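Some structures are shown below for you to check.
You will see two complexes here that share chain A, one where it goes with chain B and one where it goes with chain C.
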Partner chain A sequence: MKTKKMNWNYLLIAPALLISVSIILIPGIMTILYSFTDWNGLSPKINFIGVRNFIELFQDKIFFRAILNNVIWVVMFLTIPVCVGMLAAMLLLGRKKTRSIYQVGFLIPYILAPAVNAMLWLNIMFSPISGVVAALRNLGLDLSSPLASMKTAIYACAGVDIWHYWPYLTVIYLAALRQTPADQVEAARVEGCNAWQLFRYVYLPNIMSTVSLMFIMITIGSFLAFDYIKLLTGGGPAHATEVLGTYAYSFAFSSMKVGKAAAVGLFISFFGLIASGIYTRISRKESME
Partner chain B sequence: MKKKVIATLLAVSMMGSLLAGCGISTGSENSSSDAKTETTDESTDDSAEAEKTTDESEDITKLTDESMKDREEINLWFWGAEPYAQEAMKSILVDKYNASQDKYQLVVEFRPTVDSDMTTALAANQGPDVVYGSGPSFVMPLVQAEKLEPLDTYAEQYGWKDKILEPYYESGTVDGKLYSLTNGVSTMGVFYNKKVLEDNGWAVPTTMEELESVMDQAMAKGLYGSVTGNKGWQPVNENYGSLFLTHIAGPETMYKVLTGEESWVNDDVKAAITKSKEWWDKGYLAGEDYVNLNFSDSLQLLADEKSPFFIGPSIAFQWAASYFTDDKAENIAFIPFPSTEKVPDTTYTLGAACTLSINANVSKEHKDEAAKIIDMMMNAEFMQEMTAAWPGYWGTPLKDLSTVDTSKMSYLSQQFVQVVQNVSDAVNKGNFGYYDNVFFPAATQQRIVNIDEVWFDTTSVDDYVQSIQTEFESEFEQGLVPPIPKPAAIS
Partner chain C sequence: MAASSKSKKITSNVVVHVVLLLLAFICLAPIVLVVFNSFKENSEIVRNPLALPNILHLENYISAWTTGQFAKGFWNSIQLTGITIIIVLVCSTLAGYVLSGKRIKGSGGVLLYFMMAMTVPIQLFLFPLYYAFAKLNLIGNIPATSLILAAVQMPLAVFLMRTFFLNVPKELEEAARIDGASTAQVIWNVMRPVVSPGLITVGVLVGLQAWNEYLISSTFLQGEKNFTATLGFLSMNGSYGANMGLLMAAAVILIGPVIIFFLIMQKYFVDGMVSGAVKG
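Up next is the complex of A and B:
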């Protein structure tokens, strides 16, 4: 009887397992293998070149620039949208009647396609013909688009992505905050807690698992950053906004060096894996406590 | 209740925002809403029941004909041209081909990411029958991977070698076999606003010094020196890399470099890169706005008399029609890049709008039909009709353009045909240079795209040129460099 039940379990899990193996495990293993080759993405002739791709990457200053930009991206996303999202969620928590309307309004940038958001910013904000930049110039201010400067371009790209991303965090945090037991909140208020104390000692401990999960998801997502940079600057000017994702794309589809692109892709996975490991460790610690 | 009403209104406004976003015109990209509008128009005035369907998730527009769904499809993928251009392709190519026989229908898909889509599909032995390429250098890896059909039999059948300009025909060959045909001539040159020059008393420049002088004066008056930019398409940088290599390093040096006779690390190439840096530093390339302008924006500024010049590729004629309208229509003109000390004769950087090949993994019947379709595009009549409807793109590289009648064409179309004829004459005299997307292998081409490393001082000229040499050497050894035609200075 027990054996029969086990067989059913295997059968039921088979489709999901098959899909996972087909579209994740096999391509994953192939990416690892390709990273040790000089494959151009087309040729049936694939030469094994050992660790040459990795050596070349370690000698490539643009590769390290890309990693640095990914780190900047992580730091910005772990601070700005988290703080703004949390603040907005806390403010909405007290607005029981109107918070759904605010949520719908806030979510507009999040539900717009990245291509649309990027075009909006390029044409309405950064354009020297029709954008805010043009309007300010007409007022006599001597300024140029932040995308044009090597020092500011990465922050401008991240700013656009953050503008689209923070409402998502607001909705997540608000959903978590609403799960806080009402009796704890009431008790804290009776004890005379101010707003900060209420957040720090009641709400935050209750939503900590959500906050830590989002930290990990943000970190992983930041190393996968691609769309907004590709759309806004293509990695330029002069690689100022290059991240691992755009650099891998450039190797694969412009230089026809799929082997090297796979090597860059492994680094993206490596950083994501570290973040996943940290999350697993935190989760295990929490469950043990 | 009130809350529900407000929430509903917000939801409606969100949908409105989404649709408004879809309607943004980006100049060179297709928009789904435009495509839908056109479908409606077609259904009212076209009895052939031709349809455009748009895959909104990928922004792909597909030209099909519902009345011919029983026919076998011959597929052609193309870049995401503007709706008016898609319409021209439908009436001048698709409808004519479909009417020429009753077994097949030509289905054209307009894909904004056609290059990467094509590479991925062909790698999996899939893809369309007619293979679009962004230049002969794009074709080389496909040939090595045996994804493309040799076209020599068809070349003989249709007489392509006799009618196509030799450098363009040769650029499509690999080890003596033909694999691709360039369908449109593109060259770098100078668009200028006639009114701006006249109003300021500036003569049309004939030398680089005169060009620089006018740009200096324009900038002193608060205008742009010239306008251009790489917004949305970073490879625009390569235009200026190729331009300076042709006119400062010179065709002779570049021929030797590209045939492996000389290293990239030489004084002429360094002088070309240094000159591009000088132009960048002086703000001749739209100054700080370079990264915030695309060709459409640039042409708008040129039309609005904010600049005397737009230095760019001749295919930009196709976007000029949107800005040079009414009384401005004839304000625009095009000249070849002015003479330099190194290159005194009128010389054109040979570029390609795109190449056409045949997928090796389709049936013999489909290959024959694909060849027939390519041949339809390689004649003067097609160029005439397409240029009238879509100026700037279909400059077919034919030896004989005398049968192209421009009398009924618009001003812009006439100007473009004149440019193609001038390029044709210059090519026959051997006065040409090398555009990187035609003659440079992929990784070398990418290094030219990255010329902004020098402009932004993150790489020195010496290091940059050395990095090109490193990439080129490797690709040269692998046989990835297309055949390089000899310029006049060599022959």
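Up next is the complex of A and C:
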């Protein structure tokens, strides 16, 4: 009788777990295995080639270009949207009546699809025929699309992604800032703190855990960068905007080197793992203090 | 003294609003430009992209709707998003309930697994999955693609739902149990009403991601008849690049519904974004 009473909870958790395991875990493990093979995605024959994919990557200039571009992406994202987002959040904190109107306006680029945003910028901002660049050319400025130049293309791509991303940080920072105890703010005001001191010594320490969590998320996200580059330049001109995400994708679907794509995929995961490792370390340190 | 501090306050208020308005301008200017240009003819756009339209060329919209095949595209997008939301909500509610207490052995391990699954890059599982789906003839299949999107969204949704269940008072469930309620009854009659605002938040969050998703849907939804509205728009960009007015009208057709939906549901959007970020 007793053993008849079955624990339904195992059945309830099964669907979520099953979907996740079959879509993410098993293909994830297969990626690790494929990275040691020369599989082309089609042939039934798969040869184990050891670490050759990795050795080839380490001799590949474009691979390092891609890593460098990912690092540029990290640096830009850890500075520009973090600062702009924080500035906007601090300014909104004091605007009780107009806060939500501004917030809605800021968020519109964030809620639009990357595909739409990219086409918007491509055609109406960067295009030398129909965009703002064209309008400036009509005024006599010697401009061309920043996406066409090998030097500026990566910054232009990152710029569009930042335009889309920073309002998200504003919302997150603002939500955290609003948790700051009112008595601390009041005490600081009485002491005669100016705006910067108020931010530096009262607000910032209070939202530090959110700020560092966002730092990690931005770092991980920067190594996953794909959408805007694929849509704006496709990795070009001449691989100038190639990042690990687009490089892996072109291995898998253009040059049919699935094994190599898997190896690049592992690198992306590896950088993400380092970032999460640092975060766990920091947060553990914080909780010990 | 009082007057000078008051005027100082006004100046600082003005500066704050100027900065905020400038930021709002940066966010909205490209979108406003698209709306302007969607009413123009191509030659007008090329002459001056920044000028206001002389005549409202509404025919841009009519031809954009048909050439972009938006009727089918929107229907596909709605299916893709709807199925994803349903899968995620059902599975994450059940899993969130189970994981909100020590109801099964190894719940800590499952939580750790979902934590890891949350930070996994798509490129770690995309390639084997694509070739497996190709073998099963699932490329271009909307429900199958929804399943992938659902799997990507699942970990975060599980954590969010778990948090909502943790906030349900223990006494509520215990009282129902004493009255002889089954697990199904507990979830449907006791828990569901309490967590339903959470369900909307998660639904909005997941729906937005699914609607906007690019990497997975462009990889798996091949074949024009399976294109979502976004993918249809992207393919237009390739073939109608010379007719900017048409493209801009298509962009507005795509943007419009999303912005309206966002304005109506903004509270849930913001809630979802904030709770999604804090949960790490």
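Please note the rule applied: the second predicted complex is superposed on the first by the 269 of 289 C-alpha atoms of A that agree within 3 Å, B and C clash if a C-alpha of one lies under 4 Å from a C-alpha of the other, contacts with A are read in each partner's own complex, and residues count from 1 in each chain.
Simple rule for what comes next: a contact is a pair of C-beta atoms (placed from the backbone, for glycine too) under 8 Å apart; a residue touches a chain by one contact, two chains touch by 3 or more.
Keep in mind it's a predicted model, so treat the numbers as computed, not measured.
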item: Superposition on chain A - do chain B and chain C clash or fit; value: clash
item: Contacts of A:Phe226 with chain B and chain C, given as first, second, both or neither; value: second
item: Per-residue contact with chain A, leading partner among chain C and chain B; value: C
item: Touching partner for A:Ile129 - first (chain B), second (chain C), both, neither; value: both
item: Partner chain in contact with A:Thr210 - chain B first, chain C second, else both or neither; value: second
item: Partner chain(s) touched by A:Leu147 [first = chain B, second = chain C, both, neither]; value: first
item: Touched partner set for A:Leu12, first chain B, second chain C, both or neither; value: second
item: Which superposed partner A:Leu120 touches (first chain B, second chain C, both, neither); value: both
item: Which superposed partner A:Lys257 touches (first chain B, second chain C, both, neither); value: first
item: First, second, both or neither for A:Ile111, with chain B first and chain C second; value: both
item: Partner chain in contact with A:Leu78 - chain B first, chain C second, else both or neither; value: neither
item: Offending stretch of chain C which, after superposing on A, collides with chain B (from 45-53, 63-71, 99-107 or 189-197); value: 63-71
item: Chain B and chain C footprints on chain A, overlapping residues; value: 41-42, 98, 100, 104-105, 107-108, 111-113, 115-116, 119-120, 122-123, 129, 231, 253
item: Residues of chain A defined as touching chain C within the complex; value: 7-10, 12-13, 15-17, 19-20, 22-25, 27-28, 30-31, 34, 41-42, 84, 87-88, 91-92, 94-95, 98, 100, 102-109, 111-116, 119-125, 129-132, 134-135, 138, 163, 167-168, 171-172, 175, 210, 213-214, 216-217, 220, 223-224, 226-227, 230-231, 244-245, 248-249, 252-253, 258, 261-262, 264-266, 268-269, 272-273, 276
item: Interface residues, chain B side, partner chain A - complex; value: 3, 6-7, 10-11, 14, 17-18, 21-22, 24, 26, 59, 115-116, 119-120, 122-123, 141-142, 144-147, 230-235, 288-293, 297, 300-301, 442-443, 445-446, 449-450, 452-453, 455-456, 458
item: Chain A partner contacts - residues on chain C that touch it in the complex; value: 16-17, 19-20, 23-24, 26-28, 30-31, 33-34, 37, 42, 45-46, 48-50, 87, 90-92, 94-95, 97-99, 103-104, 110, 113-114, 117, 119-132, 147-148, 150-152, 154-155, 158, 183-184, 208, 211-215, 219, 230-231, 233-234, 237, 244, 247-248, 251, 254-255, 258-259, 262-263, 266, 269-270, 273-274, 277-278, 280
item: Residue numbers on chain A that touch chain B, as the complex places them; value: 40-45, 97-98, 100-101, 104-105, 107-108, 111-113, 115-116, 119-120, 122-123, 126-129, 133, 144-145, 147-148, 150, 231, 233-240, 250, 253-257
